[in-house]
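Okay, here's the structure, questions in a sec.
Naming follows writing order (A, B, C and D), and every chain is counted from residue 1.
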Amino acid sequence: MTETLRITVWGEFRHEKKNPKVAEIYPQGIHETIAAFLRKEEGFTVRTASLDEPEHGLSEQVLAETDVLLWWGHMAHAEVSDEVVERAKRRVLEGMGLIALHSAHFAKLFKALMGTTCSLKWREANDKERLWNILPNHPIARGIADYFEIPSEEMYGEPFGIPTPDELIFISWFTGGEVFRSGATWQRGHGRVFYFRPGHETYPTYHQPEVQQVITNAVHWARPTVTIPDDCPNCLPLETLPEDSAAAQRSTVGHK
Amino acid sequence: MTETLRITVWGEFRHEKKNPKVAEIYPQGIHETIAAFLRKEEGFTVRTASLDEPEHGLSEQVLAETDVLLWWGHMAHAEVSDEVVERAKRRVLEGMGLIALHSAHFAKLFKALMGTTCSLKWREANDKERLWNILPNHPIARGIADYFEIPSEEMYGEPFGIPTPDELIFISWFTGGEVFRSGATWQRGHGRVFYFRPGHETYPTYHQPEVQQVITNAVHWARPTVTIPDDCPNCLPLETLPEDSAAAQRSTVGHK
Amino acid sequence: MTETLRITVWGEFRHEKKNPKVAEIYPQGIHETIAAFLRKEEGFTVRTASLDEPEHGLSEQVLAETDVLLWWGHMAHAEVSDEVVERAKRRVLEGMGLIALHSAHFAKLFKALMGTTCSLKWREANDKERLWNILPNHPIARGIADYFEIPSEEMYGEPFGIPTPDELIFISWFTGGEVFRSGATWQRGHGRVFYFRPGHETYPTYHQPEVQQVITNAVHWARPTVTIPDDCPNCLPLETLPEDSAAAQRSTVGHK
Amino acid sequence: MTETLRITVWGEFRHEKKNPKVAEIYPQGIHETIAAFLRKEEGFTVRTASLDEPEHGLSEQVLAETDVLLWWGHMAHAEVSDEVVERAKRRVLEGMGLIALHSAHFAKLFKALMGTTCSLKWREANDKERLWNILPNHPIARGIADYFEIPSEEMYGEPFGIPTPDELIFISWFTGGEVFRSGATWQRGHGRVFYFRPGHETYPTYHQPEVQQVITNAVHWARPTVTIPDDCPNCLPLETLPEDSAAAQRSTVGHK
């Protein structure tokens, strides 16, 4: 029996309303396309949320009931409220998984967890992307061969302004001559974070089986194992301290 | 000839004014004690800054002229303005070194660079601290034996809410039965960050030779090698793209 | 339904025959005590092997049928044949998990995978050991609180001559004043390696529930996800090379 | 004043004698070409050694007087004696730097330090190689722009069977569609190890300024900071142990 995993797919859902080309590829929005293939997985309970809902669809309750959050945003990062970002960040640090997709490299939430610029080179020119599988025994690479290709994609190139990943799973090759760390993991607090590069809105990337496989794998991998709220406790000694020392024990007003 | 290194030691400078015990140990403030021993090092140009100065003493110009920033704060983290934190963070990501001391684990600047809670266990009870040298070939451990001791210190215990360090240099043992990752490094952007645990204000820790040695070593280690402002450039391909692809090249309004 | 996991517990099995104190604690040998608690886990199929069996009980076939190998050795590391070490190492690199226990830090197999001395400080003096849980969301720490204690153990102290672990899960505190990285993981090839410090033969360490819990967790964690034999293939280009380049393609006698 | 750095460049020196094409590019041998550009650096004292000298030119004395060792080998890895490999490995673990060049990925010494297969994909077809600078603030990347190109090189492709590098500095793009982690560092014991991919014998790679720059930078970076022979000491407690425990202190015959 598989234990239920509660997943929220967050989509900015703006390009789909403004650009007919995008609407044709993702009629219900990118987030609904992602939710649809995740719903096929046994044990996954999937909801969606988007920017223009109240609290961007990420109320305290929704986040409390989310085990893994997926995030796709691009043109409206600045419109995401700092309060919701802080709330989602706190949940990651407590144990919630996070999958940041494509231009979410610049999402406030991802940047706040990385602590860096997350900048990169980019070009929209229908480059072919070939993702090399560097870590074939990683659960996120399950079912992926030596490499897979995306026929047309936006190019993202190095240097990528991220902290050294805990694990580097995919490196991309682009026709135009660039490379990119396209699949990488970090632990932040008690939560697991995966960044996955592909997914520009003008290409049918999220309809491609390998991309769906990687995202599905990543959701499994990001399943929380604990939920530990933040705490900075004043602790008694576990061993006997020398006497003069014991005398010195006291609480300090205003400390921490 | 040693090239000049421009250092700014930032101190909160509040305990020293309020608590006679602290004032006795650090009459000019903790930051001035640290600046004083750094000034003995050939090639170091050292200034200080503190919370109650305009812009906390960290104007754009001061930071632009700072190669390595040291930070000691404790009771007034919340009073540091977000604007100054953002300014200092941007300089670290560009290449400036940062040495975060003791309770600076909770400084806004350090937390923003780590992306995590930076919480820990703590106790003020005159524990003895013994710092074990785990990485004796690291430049920050130069001149440090297998271990050194601090006779009385505040205890900080694991778990410590930080991302996995790039390098773990010191692990502390405490009389009361705890351990702590007391000396750790991270690269953030193009800047180097070192966290060093000891230095509670009620103990003469910064007068101790081994502590001064480690901090001096860390300042040398954190010297910037580059200064690279943040940038997220749109790039032309380096290789010829197939024709239909080349036709697709265009700038996208409002992208990034 | 849990898929079967095939486990081999290797024990040197010499102290138990020579030292009555050890025989009293582990009458069937340390390896049989470990095998006994692992056999209680659903889906685990457990066999044992030891030094004085032909091929040390680790024939090609036994290793081919082993998903996770546990290793306890101490006084007779040198008697393990290089051929068997090479065979087991090849299996780890292909995907087999390895749990190295206590003095297996000096086992030929562990040292060959680490590439370092694996030396440490040590003392037999009934120190109390307290293992702090640094990474509570790691599968190997499942069910383990902030810390657990072993009333009497041999002391192992830093510096420990290992490569920087991929993940550091436990740090030990010892009564005598030392610390140690007691639970650490590395990926080697396609296999997962966990080193776990406790387990000196003169103490009933492997009868302690927390120690059994960690080892059981580690076996689950080390389950292979792939089996990929070593290969260094000559590959055709995936993209068209310029013509003069294509002309240059040739096999090179004696290459690799 | 720069302190002297004692460098030994080891070359297999076989291709140069057998293949006129290689002899034309490297008339004195690859090792002499590398030594020649290193000799231009102030403070560098450079000698060379090669396979067919007694003890491969790496006697105990030569290694004792070597701060940084460079290694180029290809067709005759198997002819390097295990004794010399063990000797050189011990020196790395004590603190000597090691720069492994191109096909030295398969040198016994490099493999013994990595603990893995070090296998990779390969092709000789005059691919263009573009090395992207992922970590521009690293001392090894000093003076290197965003990328540099080598017009013709052997291709090495991922997956590369190495442990996760401590630092990843260069990722290569190849015309034929592959990527490779081309510049990576590991600490092993007290020594620093750098692997640098380019340098196939049939191309004039070591005459190229950027390649010379990287290798020169790497030699500076690998300078030993300590020399610490292997040791596994029995240690007295630093803190008072409970009495019954103290009684238990004893040396154990044959331990370690």
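In the analysis below, contacts are C-beta pairs under 8 Å (C-beta built on N, C-alpha and C of every residue); 3 or more make two chains touch, one makes a residue touch a chain.
Predicted, not measured: the structure shown is a model, and the values here were computed from it.
Chain centres here are C-alpha means, and the one lying farthest from chain C is B. Compared on C-beta pairs in contact, B-D and A-B come out with A-B as the pair having more.
Note on chain placement: the centre of chain A and the centre of chain B lie 28 Å apart, centres being C-alpha means. Taking the mean of the C-alpha atoms as each chain's centre, chain A and chain D sit 36 Å apart.
Centre-to-centre, using mean CA coordinates, chain B is 32 Å away from chain D. Residue numbers of chain D whose C-beta contacts span two or more other chains: 130, 135-136, 157, 164, 166, 175, 177-178, 187, 238-239.
Listed in rising order, the residues of chain A touching chain B in the complex are 75, 89, 93, 106, 112-117, 119-127, 152, 155, 157, 161, 163-164, 166, 175-178, 186-189, 230-239, 241-242, 244-246, 248-250, 252, 254-256. Chain D meets chain B in the complex at residues 95, 130, 135-139, 142, 166, 175, 187, 190-192, 224-226, 228, 238-239.
Every residue of chain B that touches chain C in the complex is listed here, in rising order: 130, 132-136, 146, 157-160, 164, 167-168, 171-174, 177-179, 181.
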